[in-house]
Structures are given as structure tokens and as C-alpha cells.
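Okay, handing you the structure first.
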């Protein structure tokens, strides 16, 4: 007897409802949403098993790695740099994005070799966990600045089933809310975040960062300011499925 | 017979009314205003003659160079850069500020050798004028990216009396409004902007940019991520009085 | 051969996704949403055939009669009235509600014998159609005030299939947007409204009105300020199925 | 020797700065401000002595009775009432206004024989004090509904100098904030409210009420839905100077 494996994914109706309601929420909050920011890469599911989020519904509060990213700016800021800056320019630039997560949902553990980012909560509250020390690969690095210490995880910080191990090194915790000072996550620090499962609203966060080197499908044909940037992937996910999964949406229809 | 020269400045009552009402407007618009962002450098007057703005009142619609800056983030993003990046780091980093200008008021003509910035209108409308070509000092510069062409100035774009010449090279014009895509002003481009004089609200603009090297009094004791940054002034104002004037507020009492 | 009749309704997952995303949108827009405003009566479907809206999805743009009502105030304002006012009090009182409609969706044609209401668009744009003259039942009525004239319907104002006739007497049209003056719809005027089908956001309208006499299931056990109010239904829908349908939600699970 | 009595009032520059900044704040908060809502009656000073508020400046935190009212709706809702309702209609109708008070500033003690009102805090926090029982003039009144009990005044609730007595009967206290349920103040209850003096923002409150019978100068030529309404003053201020003072603004220039 052969077992039937259910193919996991999301229906287009459910995907577009998710993305369009989130985009309307962003517009309501004053974010400069443009039509071209809304496409099949706007909603991100970090691996096939995470599509189970849609079976219970995005409001179930269950922990899954699914999120919305609306990016209003990704500017290399290469123009006008002095000659010789080519190999350092990939650490600069400007990115502005709005990230929207339903209750219980996570942006999974990862770090950026190049990108330094900052958070501003726009709606709801944000549970951030992170590695207090930068990832060490033996390279020589400048050391000014640091991520504030945080506390130990609070009781009941539920992470996605089957992915517990990928969260283990993110031992520092902080809760951010609307009106707080900007929180800076320096490059090379592991981090993840979620919307608290008992929230009555999705978490909405504005992230201001240096240039976002994102090799998603939606971005594959985007012009890069320097030729060698098209080969850069600045996302290092702890769980391998998270990296693969986010690159394309699996539709059931 | 000796002439009496009236000393120009602003009363503390008028200054704090301006700054606190603007900060409340920023909070109402969701900007993460912190108490330490509100001080004697928050309101900027670009030269002694520009204090005349307070004689007619900030709602007169008259053209003067006075504005509010609320800065929620100025992060060098030096931490974790590769060794050797020290001399290029000053072109990177992250700054997030909210700028508030009453009707008719201008941010005066200037450019930044290092800083690339972007505008997002949050309230009201924004008249931007700029140099379509970067300032050329003979140095070798990378050329990717450019500022969109714009149009000629519309009729009736009133600039401050006595400072007309400083606006002459900013021949391109664009009107930006809430909901528009981000508008990027690359480093080395002359630019200035204002709130239209017939507006019923102050212009409120969020500027996301690379690090802001600002040698104002309020910032003189701020820690710099690299030692040599404390000597950098990245603001090149066309009118010499604009640069001097902004460094400190002249109080009448 | 027997034909199979499909039972129409909405799954609980889809209902709660609709209601909770709309409530979050309301909160994002500053409306004082309370937990007790969110229940099985918050989303309203005006008749069994209108559940087809969920088959295509709420973002399809198709014309159906489905909407969200979040009511933050329904106060009889009876306390302190002079003796003798009992029989007139039902024309007074205060109600504040937020109504949310997805693109293409309608609040169906109806009028109120008692309630006078006003509209304030909070997000998106609002197509209102109405009867320019009050419904005449031969009773003696005071005549001060009137609803402004409006224009004829624009081309392409698509109404729900099978319900065209119920829209015919609402010959006046007006488009309302955020920032417009309040628009008053006096009692006894037929009216209906929708979110334009090409909108990128749901229509969100704040309605300030006199007391809302609504005999829905969710309100059946609510205390009435005067005993005889519990028998009042102040909604007169043109299409009989609209009135029945709204009283309870048909769940498929 | 004759003493010099300083004439108290406000300069037009200061008045318009107050009113226009507050109107911009209202617009920023999404209130549908119209040009005709902004005039010499928009800012209200409750008596000659209260102009001292402008000497220290509106941000001093000192207790004075000055406030802004922006009224977007005042609808009699008389149209379509049954014959015989003429004498009761003045207890109904609809009013929507936004009230803006700087830190420390009060709306002074008063009650309305006819108007029932409700509060929704939009920005900042609101200290409300009120009489827990309706004012009794011996007339027969309907009794349904009541104002919740409140607590005793907190320590340090500073009231305007010289007007302490007028606050004495308002023994109940409640603090309201953004997101709270609507708070109903029934007709015939004494009430007053203020913005806490240590607030970083003005208090902004939306009041939904029955028709506002306000005999101010700005409203003297407004059409009334019933002829006898033009003689109604529905405001009963405890301090006689509060009532006189609010009727016109005293300008110093």
C-alpha cells in the first residue's frame, strides 16, 4: 500500500487575500505602497512544511515561518562614490521595507554578512531574538558598535515545530513596541522575530537597512548597480529549508 | 547719529512652541519621537536674516530658510565591515529623520559629498529643486544611478529675498506627494526643497539616507564610530550664511 | 435524476480571516476597536446567494453584498430627557460605527424610518447611490434639511447579479473620499454604497448616526434603554433576501 | 497714583499659530478638517484672565481654560421626524467635533441641559472630572443610563487659579486613553477635562454628541433647522466668566 503525500502549498485565492489585505494595512499605516511592490514574491513562506500555516489559517496563532515584505526602496547608493570603493559599496546603500507578520508567525533565524538593519514597530509588538555576538568566520572585521544585551527568552516563546534547533543560538531577547527608539541589528548577528500569538493585530515593522542583496525570483531581473552584485546572496539562514523555500511561492492551483 | 541695528533671533517661548508643536505632529504621524530628539538644535534657522520668519509668524507663507529636523537614527554601520573599509565607511551608514517645514519655508541649497538621501512625503506636498548633474570637482567618481530629470521651475516659485543667487543652479523641479515612490537624491547633487506657501499643513518628509555627518552644536559631543569622522562636515551650502546660521539658535531672551 | 444543490456559506477560517484582518485595519486607522465588537455578527452577508463572494475571494472585485460593521457606540441618550419624550426618543441617540467593504462589494439598498446618518471616508473611496426624495408613506413629517442632489450614475456601476431591480430607485450618485465634508443621509432616504472594484484598499467609512435599531442575532440580548425599543426594526431593505440574510452567518463547518 | 491695568488678550500671530498648528495636527490624525472650520472662533479662551495662558506660552503646562474646537458636523436631524416632535427634536441630532488642548489646559466645568456626548481619545491622555449625579432642577426626567462611577481625584490635579470653586462639585475622575471604549457623558452631568501637564503632545479628543446648541459669534448666522433653536443656549458654565469669555476672541492687535 502506498501512502499519499499531500502536496503542500497555498491557493491563489488565499495567497492574494493575504498579500492584498496586508498591503491595504500598509497603506492605511501611511507606507508608500506601489503596485509593483505587490507580486508573487510579496508573501514569503520559508519551506514546504511551513505552508501548513494556511491550513489552520493565518490567525490561528500557531508558530510558522511566513511573512510579508513590501519594499519601497533598495538603492545601491553607488553613484558618486570615489574610485576604489567598488569592493566596499556592497556594505552600503539604502533599503526601506515594511514587514507584516500575523500572530505567532516568525521571520526565521538568519544573519547578513553585509547588511546592517534597524527596526521601527508600526503596529503591534515585536519579539526579537538574536545572537549577542557576531558570527565569527575568522575574517578581520571592524568592531565599533554592538547590539544591546537583551534578556533571556521569556517562558512560552513558541518556535516552529521541527525547527527548534535553528533557534538555539539566538539567546538574547527583546520586546519592541511602537514609539520605541530604533533598534539596530548589526551585520553578522543572528536574528529572528515574531508577532506575539495573542496579538489582535499583525505585527508591522519598518526596517531601514543598508542595501538588501536578495536573490529571490521576483528580484532576478532587477538591475544591479555593480555587475558583480548579481551574484551576491547576503542571507545566511540557519535552517537550509528556510533559504530554499523563500525563493518561490508554491501554488496549489 | 548712530543707527540702531535690531538684533534678530527668536524668543524661547516662540522657539519651543514651534519645536513642540512640530514634535507632536511627528508623533501624531507615527514617527518614533524620543525626548532626547527635542533640544535647542531641533529647530534650524539658516542665518541671522532668516529669523525674520518669526516676525511675520511661521504661518505667513513667506519664503524663509527655517525647518525642523527630528532624527531617530544615525548609525555609522561600521561594526563588522571588512578590514580596509575605514576610508569608505563614511559613504555608508543609515540615517532616518523627519523634516517639518511650514508653508513657504525652505531647506536651502546644498549638497553632500558623501550622503545619498531619499524622500517620502508624510503630510502635505514637497517642492524639490535640484541640480540634474552632480557637482564636478575633478575627482574620479563611480557613475551608476542618477536623479530623474524633473521639469523647469513652475511660475511663482518664490525663494528667500537676498538669497536668489544661491538657488540659480538648481534648475530641475519636481513636486512630490504622499504615496509617491521614494525619490532618491544622490550624493553631490545640489538640492533644496520647500512647503508650498498655500498649504494648510506643514510639509512633513521622512528622509532615509546614509550616515549624516552634521557638525551642529547639538551633535558635537556625540560618539563617532571612527575617530576621523568627528572632523567631517558633509554639508556644502551654497550661501555661506546658511552654513554658519544653522549651527546654533540665536535666542532673544 | 436529482440535481445536487450546493449549500452556500463561508468556512470559519475564511470568515475569521476576513473579520480579523478588517479589525486590524480598523485599529491601524485609529478606530477604538474592542474585543467585544468582534463576533459572528461582525461580518454581514446579505442573503444566501451572496456567499458566492467567498468563492471568488473578497479581492475579486465582483459585486456582492457583503460588509464588515464595527460598532464602537450605540447610545440611546434617553437619560435626562423630559417626561413625555418616550415616543420620540427612538429618533435620537448616538451611534458610531466603522464599515469596511472590499473592492466591488455593496451595502445593499435600504432606508431607515428613524435613523439619520453621516459618512466620513477613512480609507479608499465611496460610491454612494440614493433616492433624492424621502420615501413617502403618507404620514406627516417635518421637512427641514435634505440630501444634496448628486448626479446620474456613472457608466459601469456594476450591481449584484439578480438584484438589479432593488437598486433602480436609487437614482442619485456621489463619490466621496477622505477629507471630504461629512455627507448626511437623512432618514427615509433609500441608499446603498460600495467600494470601487478597482481599489487597492478596502473602503473604510465611519458612520455617525442616531441610534441604530438593529435586530441582529448578535444584538438580541442587548439592553434597550426603553422597553418598547426591543421590538423596533429600523432597517427597510428593498430586496427581502438582504434583510433575512444579514441576521445570521451561515457557516459551512 | 493710578495703577496700570494690562489689557489681556492674544496677538493675531499667536492666535493663528495656535489654531493652524492644531488644525494641521487634526488633519495629520485623519480628521476631515475643512477651511470653513478655521476662523476666529476656533480657538476658545474662557474669560479675560485666561489669556494669561499666552504669556507663559501654551506649552508651559500651567492650568488655564483654553482649547480648540474643530466641528465637522452639526446636524439637527429634524428632517423626516414625525409631526409633534418639534419640542423634543432639540434633544436629538448629531455633532462631531475634535477638541485639542495643550498640556495643563482645561475645558472648564459646565453641563448641557440637552446634549449627551461621548469621548474618544485620538492623541495623548484625557483627565475627565464630572458630577456623578445629574443636576437636579426639580423637573421630571427619564432616568435610563448613567455615567460610570469614576474615582476620587488623584493627587496633584491642578485647576486654574481663581476658579477652584467652580470645580468643586465635579468629584468623580477618570483617565481616558487612545483605544479605550467610548465614554458617554449624559446630559445634565457637570463635566470638565484637561490634558495632563506633563504630556509631550496636546490632548486630541473626538466628541460625538447630539446637536450642539452653541450661541458663539462664529455660529450666530448659521441656519437653524427649527426657528426657535436660534434662542437656545445649551451650555451652562459654572463660572460666569467662562460663558462670557468663550463668545469672542480678544485680540491685542
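Per-chain numbering from 1; labels A, B, C and D assigned in written order.
Going forward, a contact is a pair of C-beta atoms (placed from the backbone, for glycine too) under 8 Å apart; a residue touches a chain by one contact, two chains touch by 3 or more.
Everything quoted here is computed from the prediction, not taken from an experiment.
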Moving step by step through touching chains, the smallest count that connects chain A to chain D is 2
Distance between the CA centroids of chain B and chain C (whole Å) is 47
Taking each chain's mean CA coordinate, chain A and chain B are separated, in whole Å, by 32
So, in whole Å, the Cα centroid of chain A is separated from that of chain C by 39
Residue ranges of chain C touching at least 2 other chains are 27, 29, 33
Among line, ring, star, complete and other, the chain touch graph is ring
Chains touch in the following pairs A-B, A-C, B-D, C-D
So, in the complex, the side of chain D touching chain B is made of residues 13, 16-17, 20-21, 23-25, 27-29, 33, 35, 56-59, 123, 200-202, 204
Seen from chain B, its contact residues with chain A in the complex are 27, 29-30, 32-34, 72-73, 75-86, 88-89, 91-94, 96, 116, 118, 120, 122, 134, 139-146, 178-182, 184, 186-188, 208-210, 225-226
